[in-house]
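Listed below are the structures to be examined.
Across the two complexes that follow, chain A remains constant while its partner is chain B and subsequently chain C.
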Partner chain A sequence: MATVEVSHLKKAFGPTQAVADVSFAVEKGEIFGLLGPNGAGKTTSIRLMLDIFQPDAGTVSILDGPMTEAKKNRIGYMPEERGLYQEMPLEACLIYLATLKGLSKTDARRRLQPYLEHFDLAQHRAKKVKELSKGMQQKAQIISTVLHEPEILIMDEPFSGLDPVNTQLAKDLMLELHRRGVTIIMSTHIMHQVEELCNRIVLINQGRNVLYGDLAQIRREHSGHAVRVKVDGELPALAGVQAVTPHNDALQLTLDQQTSPQEILQQLVSQHCAIEQFEIALPSLDEIFIQVVSEQ
Partner chain B sequence: MNRILNIARKDTLLRFASPSELLFFIVLPVIFTMVVSNFASGQANSDNRIAVLVVNQDGGALSQDLVQVLTDGGSVRPETLDAAAAAAQFDDGDAPALLTIPAGFEASLRAGQPVDLDLQLEPTSVNGMAAQQAIEAAAAQVSRALSAADSSVAAAEQLRPFDDASQRTAYFDASLAAAQNLLAAAPERMVAVAAVQEQREEYSGALQGSAGQMLVWVFIPLLGTSGMMVSERVTGTLKRLLTTPTSTSTYLLGTVVGQYSLSIVQMLLLVGFGALVLNIRWGPPAAVLGVLMAFGLSSVAMGVMLGAFVKSENQANGLSIMLGMVFGMMSGSFWPLEFFPPVMQKIVFVIPMTWAMQALTDLGTRGRDFGAILPAIGYMLASAVLFFLVGVKRFRYE
Partner chain C sequence: MSKVWLVAEQQFRKDVFKRSFIVAIVAMPLFLGFIIVMGLLSARMQQQTTALGYVDPGHVLTQQPAASNDNVTLTRFASAAEARAALDAEQIDAYYALPADYPHSRQVQLVVGSQLDNAAVQAFSELVRFNLLAGQEEQVAARAQAGPEIVILATANNRALPLGAPGLGLFLPVLVAMLFAFLVMTVAATLMESLAAEKQNRTIEIVVSSISPGQMMAGKILGVMGMALLLAASWIGILLAFAWIGAHVLGWGWLQGITVNGRDLALLILVLVPSFLCLAALMVALGATVVDTQEAQQIGAVAFMIIFVPIYLFFLFANDPNGPLAIAASLFPLTAVTTLAVRSIFMEVPTAQFIASALVALVCGLALVWLAGKLFRANMLRYGQRLQLGRLGRKGAKA
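Up next, the complex of A and B:
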């Protein structure tokens, strides 16, 4: 049984249909990507999952059934907006939020220390939240989401406002939690982050599923009939190639329908080319995203 | 319970995040209490007689008698000045009446001739009219003594003519003095009879000022609970609460407990300050505490209700201050209710603060006991329940 199972969710706010038909399942221990352009319905879908909103139709099963008050302590949610108390000192704010998740103050303080050090926030613990930079506040948000050691982590745009160093720190933390068996649902519109972390994804557009499944499989399904090649020297003339376009420091060869990648490789070998790189050209998630959303 | 206390503690931290909050919590209430209490006490203890400027151009015994009779009358306070100073003060509006006793006042009266007193009054001034009545009464009293002396001289002359003018003048002076003494000693025609009052009923400016300021300074931040609620809604921290096992009632209780506890501390500090520094007798402690607790509940519940309707923190804070000032003015917290027209005195009892102010005044100045202020406590608790129910029903997370 999936840890989270969302089935045909619908939610409207007045005349606006925020979620029209969204379904997906998240398996225990995986990192799942909830993707979509701005306004696609990602945040509303998350809030429906968390019982913040009631759906107009559809069902949500989380940790083997509907959401209950007791289950809320087993879930960590990081909202997109900075839901921290700006006037409170950082440490007091994080401890308070942890106590709402069922931790005692003593436990919360004890668990907080290593996280503050990991994210380089220990020296800012007494500062008011509003005195911290955007990135520091985002790191504080991440800490408040994981401090009570949840079984499911739901993060809405987790790397928003983080510089590359802190983004890597946050990714490392997510991977560490993933290794410990925590189920992670990550909502974002920044595709390359998904490619690095997620096993499976659902892509939502205009409140509906448009792509869903294993990430590698999706990329294969959307790949064109092309290979990427890098050779030492000039690329010789090859039969069956329709077009040659530069791609980073390699070349992308678009093949006609009768020519297979293996035949191209054989031609290169037979012409004694020094091959440095040869691969099936899979589209990036960004390219798939743009293709699918523009088709919609 | 822990969750409620944690929310209350968080709200306390947020409220005192800026040290300036201490200014509003205790410093300014104490300063305003002192200023208003001293002013109110000063008003209560000051000389309430109407000032009358007197220019005595005659300077004779009869003119001085007239001034003395005015003084003894008790309703006006004559102040004798030279003509220029009196005119300047009158023009400045320092007194509503200027009386000029002309030269030759005494000689004319002794000769049995009428004398015109020059009286200038401030137009449309009620105090000027009252001063005029007091002056006319004093002139009449002086005239009555003169009439009695004249009659006495005439009667004596019928019996036996005086030997010379000096003997006649001496007889007139003796008769005038006797008449003045008799008039001064004459009993009042109207006697005011008052029942023996066992209960203390004495206006206390200090209590009025202290209680009024306390209620207003406590009411405004309690209504400001609405600002805290809308701030949580706007910043998204309230939505975050929904992902924790924290029910709406737990959140509201935590918010109310925090602000309510602070208000009780604030009120006790201000009551203590009044008792120790201003020597205010507040009345039975249990009854006073009962009034304060009921008032705090009613006010914080009103804050919860307001929090469900307002859209921004600025709007909430603006409304809190405005309602605090309006209710303060209408509830008798800034001045006694007796200053209002009778109909208004009844209408303002729709405001819980009016009941609190009335109850504190009853306990402190009228010597009432707990039983007498139970209706006030009942009204405030009932309003608290009503406000809280509306607040809970209209509560929203976004």
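Up next, the complex of A and C:
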């Protein structure tokens, strides 16, 4: 059974239909991408999942049933609009937020120590949050999201506002948690991060599903009839090729409908070309995103 | 520990362990102390020494009373001419001339240089009265010397107002109302600022992903209430200590023998509780609509002024304590407690009006709690934006 299952969610704010019909399921232990352009309904979908908003229609099943107060302790959430209590000392702030997730103060303090050391914040624990640099606050934010060791981690635009060092820290942490079996849902519109991290995705636009499934499968489905080739020397004339365009340091060959990639490979081999690269030309997620959203 | 208590403890610590709380504890007693000291200073500055002369050819004023006003000196002159000369030489401020047949005529002439204060007139009257009563029995003389005790009995309003020095107990409801106003505004303003700060810090979404908005609100209210009760206990303790020292150490008469009208106080508390609910809910509702803590403070100040409107209208209510304006202000939840307290000085406000006022405040309070909940849920994640009330119905109903 899926860890999170969202079915035909709808939510309107006055005249604005923020979520019109969104459905997806997230399996245990996977990194799932919730994608869409700005204003597509990603954040509202997350808030509906977390019971912050009540849906107008549709259902959410999370950890085998509807959301309960007890289940909130098993979920870590890093919203896009995030912050900490500026007037509190760092350690007290993180312990307080952890106790709201069901940890005792003693456990929270014990778990916090290695995180503070790992993120190089141990010597700043007594400082007020407002006295920390922005980068330090970002790291503290990441700690507060995972300190209670959640089973599900939901991160809305997780790398938004992070400097490159903290972006890498956050990625490493996500991958580490993934290895430990934590289910991760990340919402973003930065496609290369999704390609790097996610197993499966749902792409929503104007509040509706437009793409959903395994990332590799989606890319295959959206691939054009083309191959990318790099040979040592000049590319010979090949039958069945409609166009040749440069693609990075290789060439992309657009094939006619009757010609298969295997036939192109056979032609290259038969002409004794030294093949350095031969691959089916799969579109990047960026290209698929732009194509699908433009069609909408 | 319940998450509600965690939020309450956090809120309590945040509000109590800061400098402004200590300032708040001492602010009210300091304010009252300042008023009292200024009053005493003002009275002392108005006191002036008056040199008064008198001419008494009939030898009526032969004895001096034991207790006399230290600020008035009385000098006997042998003749009107001597007294006049002293007045012209500004050795005295005025003189009384009693004719030789004063015991029969009871006529006295007063000659004044510029003006004469009441204390001097009273001192001379006491001298005359003391001498005229010299032949009377001691008790009769003492009673006549004390003068009349006038108490105005307002039979229609069932109030007895002693002329001269009404007791502090008469003003106790107003003191309670003022204490209530300070407390409710402290609670409400703190609550409103706390909610605005959650939005401003962007912590609210993190918190409501851990607990429900209702739990968060309940925790905050409990925490702020705890702070307010500590503040109230501190204020009351300081005021009681002040009253005890004033009455028993300094011997201030106005702090002695204070009588409390139990009925009025009990009925006032009946109105006070739902009014508190009403005002707190109003502040939460307003807190949900403001953008930042600065705006919250400004709105809180306006609400504070509204509560004190009946104090500004004190003399209007004194003239007509049961008039339409007084009754209307008694029924309006924001002004009910202070209006009823002011009216209670001048009349026995009917029990039915207290009950009606309490009911109106309760209904408004419950409606405002409902509205505050809707506004809060609808607006809690609208960072840096004001809520458009026109959208509340649709939005709040579903959020």
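Going forward, the second predicted complex is superposed on the first by the 285 of 296 C-alpha atoms of A that agree within 3 Å, B and C clash if a C-alpha of one lies under 4 Å from a C-alpha of the other, contacts with A are read in each partner's own complex, and residues count from 1 in each chain.
Just so it is clear, a contact is a pair of C-beta atoms (placed from the backbone, for glycine too) under 8 Å apart; a residue touches a chain by one contact, two chains touch by 3 or more.
Bear in mind the structure is a predicted one, so any value in this text is a computation, not a measurement.
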*Is this a clash or a fit when chain B and chain C both end up on chain A?*
clash
*asked:* Looking at A:Ile75, would you say it contacts chain B, chain C, both, or neither? Reply first, second, both or neither.
replied: both
_Quick check for you: in the superposed arrangement, does A:Tyr212 touch first (chain B), second (chain C), both or neither?_
neither
_According to the stated criteria, A:Lys128 is in contact with first (chain B), second (chain C), both, or neither; which is it?_
first
*Figure out whether A:Glu87 sits in contact with chain B (first) or chain C (second), or with both, or with neither.*
both
*Once the structures are superposed on A, label A:Gly14 by its partner contacts, choosing first (chain B), second (chain C), both or neither.*
second
*Touching A:Ile52 in the superposition: chain B (first), chain C (second), both, neither?*
both
*Tell me which partner A:Thr99 touches in the superposition: chain B (first), chain C (second), both or neither.*
both
_Residues of chain A that sit at the chain B interface in one complex and at the chain C interface in the other, please._
47, 50, 52, 69, 72-73, 75, 77, 79, 81-88, 96-97, 99-101
*asked:* Considering only the defined contacts, which chain A positions touch chain B in the complex?
replied: 47, 50-52, 69-70, 72-73, 75, 77, 79, 81-89, 92, 96-97, 99-102, 128
*Please name which positions on chain A make contact with chain C in the complex.*
11-14, 47, 50, 52-54, 56, 69, 72-73, 75, 77, 79, 81-88, 96-97, 99-101, 144
*Okay, in this complex, where on chain C does chain A touch?*
1, 3, 6-7, 10, 14, 201-203, 205-212, 215, 381, 383, 391, 394-395, 398-399
*In the complex with chain A, residue positions of chain B that touch it*: 2-3, 6, 9-10, 13-14, 17-18, 235-237, 239-247, 397
